[in-house]
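So the structure is just underneath, and the comments pick up after that.
We call the chains A, B, C, D and E, going by the order they appear; numbering starts again at 1 in every chain.
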Amino acid sequence: MKEELGERMKRIVPTGKAMILAYDQGFEHGPRDFLGNPESRKLEYILDIAKKGGFTGIVLHAGLAEKYQAGIRDSGIPLILKLNGKSELYTEEDPFSPQLYSVADALSLGASAVGYTVYSGSKHEDQMHKEFAQIIREAHQEGIPAIGWMYPRGKSLFDRKSSSKTFKIAQEEKEKEKSLAIDETPSIVAYGARIGLELGADLVKVKYTGSTDSFKWVVECASPTKVVMSGGEMIEDEEFLSKIKGALNAGAVGIAVGRNVWQRPEPMDITNKIHQIIFGS
Amino acid sequence: MKEELGERMKRIVPTGKAMILAYDQGFEHGPRDFLGNPESRKLEYILDIAKKGGFTGIVLHAGLAEKYQAGIRDSGIPLILKLNGKSELYTEEDPFSPQLYSVADALSLGASAVGYTVYSGSKHEDQMHKEFAQIIREAHQEGIPAIGWMYPRGKSLFDRKSSSKTFKIAQEEKEKEKSLAIDETPSIVAYGARIGLELGADLVKVKYTGSTDSFKWVVECASPTKVVMSGGEMIEDEEFLSKIKGALNAGAVGIAVGRNVWQRPEPMDITNKIHQIIFGS
Amino acid sequence: MKEELGERMKRIVPTGKAMILAYDQGFEHGPRDFLGNPESRKLEYILDIAKKGGFTGIVLHAGLAEKYQAGIRDSGIPLILKLNGKSELYTEEDPFSPQLYSVADALSLGASAVGYTVYSGSKHEDQMHKEFAQIIREAHQEGIPAIGWMYPRGKSLFDRKSSSKTFKIAQEEKEKEKSLAIDETPSIVAYGARIGLELGADLVKVKYTGSTDSFKWVVECASPTKVVMSGGEMIEDEEFLSKIKGALNAGAVGIAVGRNVWQRPEPMDITNKIHQIIFGS
Amino acid sequence: MKEELGERMKRIVPTGKAMILAYDQGFEHGPRDFLGNPESRKLEYILDIAKKGGFTGIVLHAGLAEKYQAGIRDSGIPLILKLNGKSELYTEEDPFSPQLYSVADALSLGASAVGYTVYSGSKHEDQMHKEFAQIIREAHQEGIPAIGWMYPRGKSLFDRKSSSKTFKIAQEEKEKEKSLAIDETPSIVAYGARIGLELGADLVKVKYTGSTDSFKWVVECASPTKVVMSGGEMIEDEEFLSKIKGALNAGAVGIAVGRNVWQRPEPMDITNKIHQIIFGS
Amino acid sequence: MKEELGERMKRIVPTGKAMILAYDQGFEHGPRDFLGNPESRKLEYILDIAKKGGFTGIVLHAGLAEKYQAGIRDSGIPLILKLNGKSELYTEEDPFSPQLYSVADALSLGASAVGYTVYSGSKHEDQMHKEFAQIIREAHQEGIPAIGWMYPRGKSLFDRKSSSKTFKIAQEEKEKEKSLAIDETPSIVAYGARIGLELGADLVKVKYTGSTDSFKWVVECASPTKVVMSGGEMIEDEEFLSKIKGALNAGAVGIAVGRNVWQRPEPMDITNKIHQIIFGS
């Protein structure tokens, strides 16, 4: 199955670079993410962006993947089936995102990769580490790559009396670089990325740490697992593009972006700029 | 199995419109729902309404579905087996409604669809999302449609300090339109409907949001998953019929109604009016 | 398997009437129930009563059912294997009684029916509803009837601020008829019985509601599932016999009695009187 | 398999009497139990006592049972594999002792019986009742006896406001006989023993209740399940031997003893005396 | 499979002595462990140390084991697949480390042994004891040794009012030898080691107890399960080497060391000294 794994991986990272369109926000944040650009609520609209923009993957839950299976296949955009998810209707400091679909579901829906979010640091990290570990084992047996959304989160991260040395270092980092949230500090992001490697992910999606220098450490700690930067919520063009450049310079293979593309009234503008940065054309 | 799925779906939504008779209240609310019209405690009575009224589906738990299997088959009314349920004897702010029967049970009882209630926003949403996701996967493999009762509920929805942006918007909506309960605001209802789409439901049942305009957003966020309006507790004829019109104008394919039919002493009156609105005859 | 189900059901309810001897108290209450009549600790003694008294079923846990399998078979008394149980050594306001044996165990022990206690209203009702639902599905597939001990219980029932309408009605009922415990009010008992029907039980065992009139509602809400009155703790002969008459007049098919028989020094006296009331001879 | 069950049972209770050497304390209490007689830490030493002393069974966890499999087989001492266990490093008022090995493991290790501890009265009694019930079912199918360590325990037992009648009686018993701990009162011990019978155990190990008279009730409530007295912590020779006599006079088939043998510097002295009492030689 | 078990065990403990390189810290502590010697973040670097240093095993999670499978095989260093793990991002007084991979995964990755951490004393010890017990059973059936990281931990260990006798003794030991942490006292360490034996581990990794004399008790309580000393966090050369000598003199078969080797800028210096102590060359 090694061969199939490599072939599928090549669809997502065809020239060593990846540009992934994230579209699981309907589940994670709900329709409020579509309010600014209501067209974005439709997969047809999103798929059109993906095709025109030269994206190398699209992230979907099983519902959309199944209902638009023919359209996705015809578009040629590799499907990344997101295997877990949670809504923002339940707000817990220690999040848990349960596995909803299986690797077999992903294969039967024609996926080229499976995705899973891991909230290390949550009191439910045990369940997510276990689920993702088993997904990776099964995915590799079946010859399909596994991508980790590595997002350390939970009450522990804000526990100032914590005995964890990682937190002490993260707080020092945050004091030096005040604009960073605690889960954007190099120590925390690198830890999440490393767990991806340790568990066997083929690619991890992580938050940007604010600078090429610090993000290099993240990339190195994940290596040979590949790294893509997470797009996050919509920000100014320039700031966003500068983050992408920073991440790529640090060794990231690309980005996974959603809102920063399809929440803009003219998504192709930014898409073309991103493509230029990543693929040089 | 795609073909069978389509055929069964056509039984529930034969002309693109659906008129479903809900009768799981004996479990959800208990016999107190039958006090006003004691005849309503009997399935024979309910089935008679369904037949005379031209309903396109009847929602039952396994007990009634099994004990009246011959009668239901003879009636020609498509059976929707409700796969989960809870009693109101246990009152929890964060409800959980566990799966009681399997997709295989539904098929062996002759069902044309399976139903499942999802309380997104409850601290148990993880279990319900997971159960419903797996039910949908299995149902579609077996060629039977899956219907979601998408009812966001739970303590989180009333948490005024919540960091969730959906809640902030919902509270603004409620301030504008005071008659709405928080789980009837467009943001909350649309979120529930969208989760149905993301998970892969073929049809979702949701609360009405008070106006055609706002309900249109719900329908659009669920599309291409079809939407029926939930009947809810008994209200005046006129008010009820006006809600149905509003929902249909917004793009809903019909309603799922129980108490507003069989709690009335003369259920056929309202039934005929509903039929007229939905099917135009 | 339908035929076998009917045949086995006929053993328990041979002439449309049932007289069941309950003997799971050694687990539920422990040996303190045997103190008044120490002979009652022995199954030989109990089996002898069952035979002489013309009981149509005996309720046992797997231990006694197995160790006395030959004797039970020879006695001709149909065995009802109680599939769940709990001790009174752990005292919780929200009880949970877990499934201990399977339907297959019951069949291999020669049982004619399986029994299961459901504490709807407990915070663990989800687990019990699920277990009983699955037991019923499997039992019916294997052609063996399922009997529900439907006992609403738990902290919720005493929550005076509860939003549940059932509780409001139950409290009104209790105020009218002060001698009733909250779990003996018609609303609560009828709800428990109805859940038995909704889940698919063939027979439910419920508490008496104090009058023929109110118990009629219970029987009607459970119909076509059959109803037997629970014997409960030992009371005066006359009072007990009067309750049985009340239940039968309301449509119950009989009773399931334990302590009110074998805790008396002369169990055959009351047994013969019960037999006379139920079977008319 | 009935025949094999009988044959294996006969190894443990060869002449209707049993003398079992308990050696699971390394797990339950840890090495502190070996401090007084350090040689007792070695299975070779223990096995030597078992052989010389004519024990009819030795209780071990899987680790020792496997590493000394040849030696145990050669010794001819029947192996009783203890299937669950917990350490005293975690101290909880409501203990849970999880199943660690399966009935199949026991058979493959050459065991003649399986053992399991049940803490009825703990808030985890549901899990232990369930596990033991299923172990007994499986053991009997495979033709191997099941022995229950029936030890009611947990916070409930000390709840003076408890509604449980068993506790009221137990407290009265304790007031009459002040030297008894609450879990040594006849009501509590008899309840534990009875649960063993109800679940189907072939033999139960229980605490002594202080007198032949009260222990007779325990034996009667467990019958036909056989009863052995638990040795417990080291006490004076005379007191210990007098307890054994009391238990045997009450109908117990023997004892299961550990510390009272191998914690003594000269274990064979007491062993020979015990053998004399049980087997009369 | 006994033969294969012996052969694989011989790879890890070839001459009766073991020198194991631990490299699961990327998961357990995160990249902060690599900050002092950044090269240590790379498996190539670690594998090079292992080869040059004559290590008899290397401990990895599945991700690294899979991605470097060819390199590990070529190196000849036996692979020990660590089957469970947790991050320090979630900080709980009662730790739980869930099983992430199976024995079958280990075999398919070419492992010569499997490892598992047991936090006896944690309120989750039940799950870890159960998982490790089952891993050992399966490992031995498949002919692969099981190694236990036996680390008593949890709130209970610091409960001064505890009824556990082990804690009383441990506190006395700590008062005599103030430099010891509570989980380094002979009673606690020996208890952990003993649980390894009782469950069936082939080798246990434990903390050093500060002296040869006290560590001898640990080794004796674990026997015939073999014991290696845990390296722990980086300390001075002399102190570290003296601990190793102490452990070996007490009967340990070697050490499992990570940070004390690869956190040093010149790891081969200490490695050669360790090798000299263990293998005499």
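Keep this in mind: a residue touches a chain if its C-beta (ideal position, glycine included) is under 8 Å from a C-beta of that chain, and two chains touch if they have at least 3 such contacts.
Computed from a predicted structure; not experimentally measured.
Taking the definition of touch as given, a chain qualifies here only if it contacts chain A and chain C alike; those chains are B.
Two copies of one chain, chain D and chain E, touch each other, and the residues they use overlap weakly: the shared fraction of interface numbers falls below half.
Centre-to-centre spacing of chain C and chain D amounts to 34 Å, using the average Cα coordinate of each chain. Distance between chain centres (mean CA atoms), chain B to chain D: 55 Å. The multi-chain contact residues of chain A, meaning those touching 2 or more other chains, do not exist; every residue touches at most one other chain. Shown here, the protein chains touch around one cycle, each chain meeting exactly two partners.
Starting from chain A and moving next to chain E, the ring of contacting chains follows the order A, E, D, C, B. Residues 24, 26-27, 29-32, 34-35, 38, 41-42, 61-64, 66-67, 85-92, 96-102, 105 of chain B touch chain C in their complex. Within the complex, the chain C residues that touch chain B are 120-123, 125-127, 129-130, 133-134, 136-137, 140, 152, 154, 156-157, 159, 162-167, 169, 187-188, 190-191, 194-201, 217, 220-221, 223-225.
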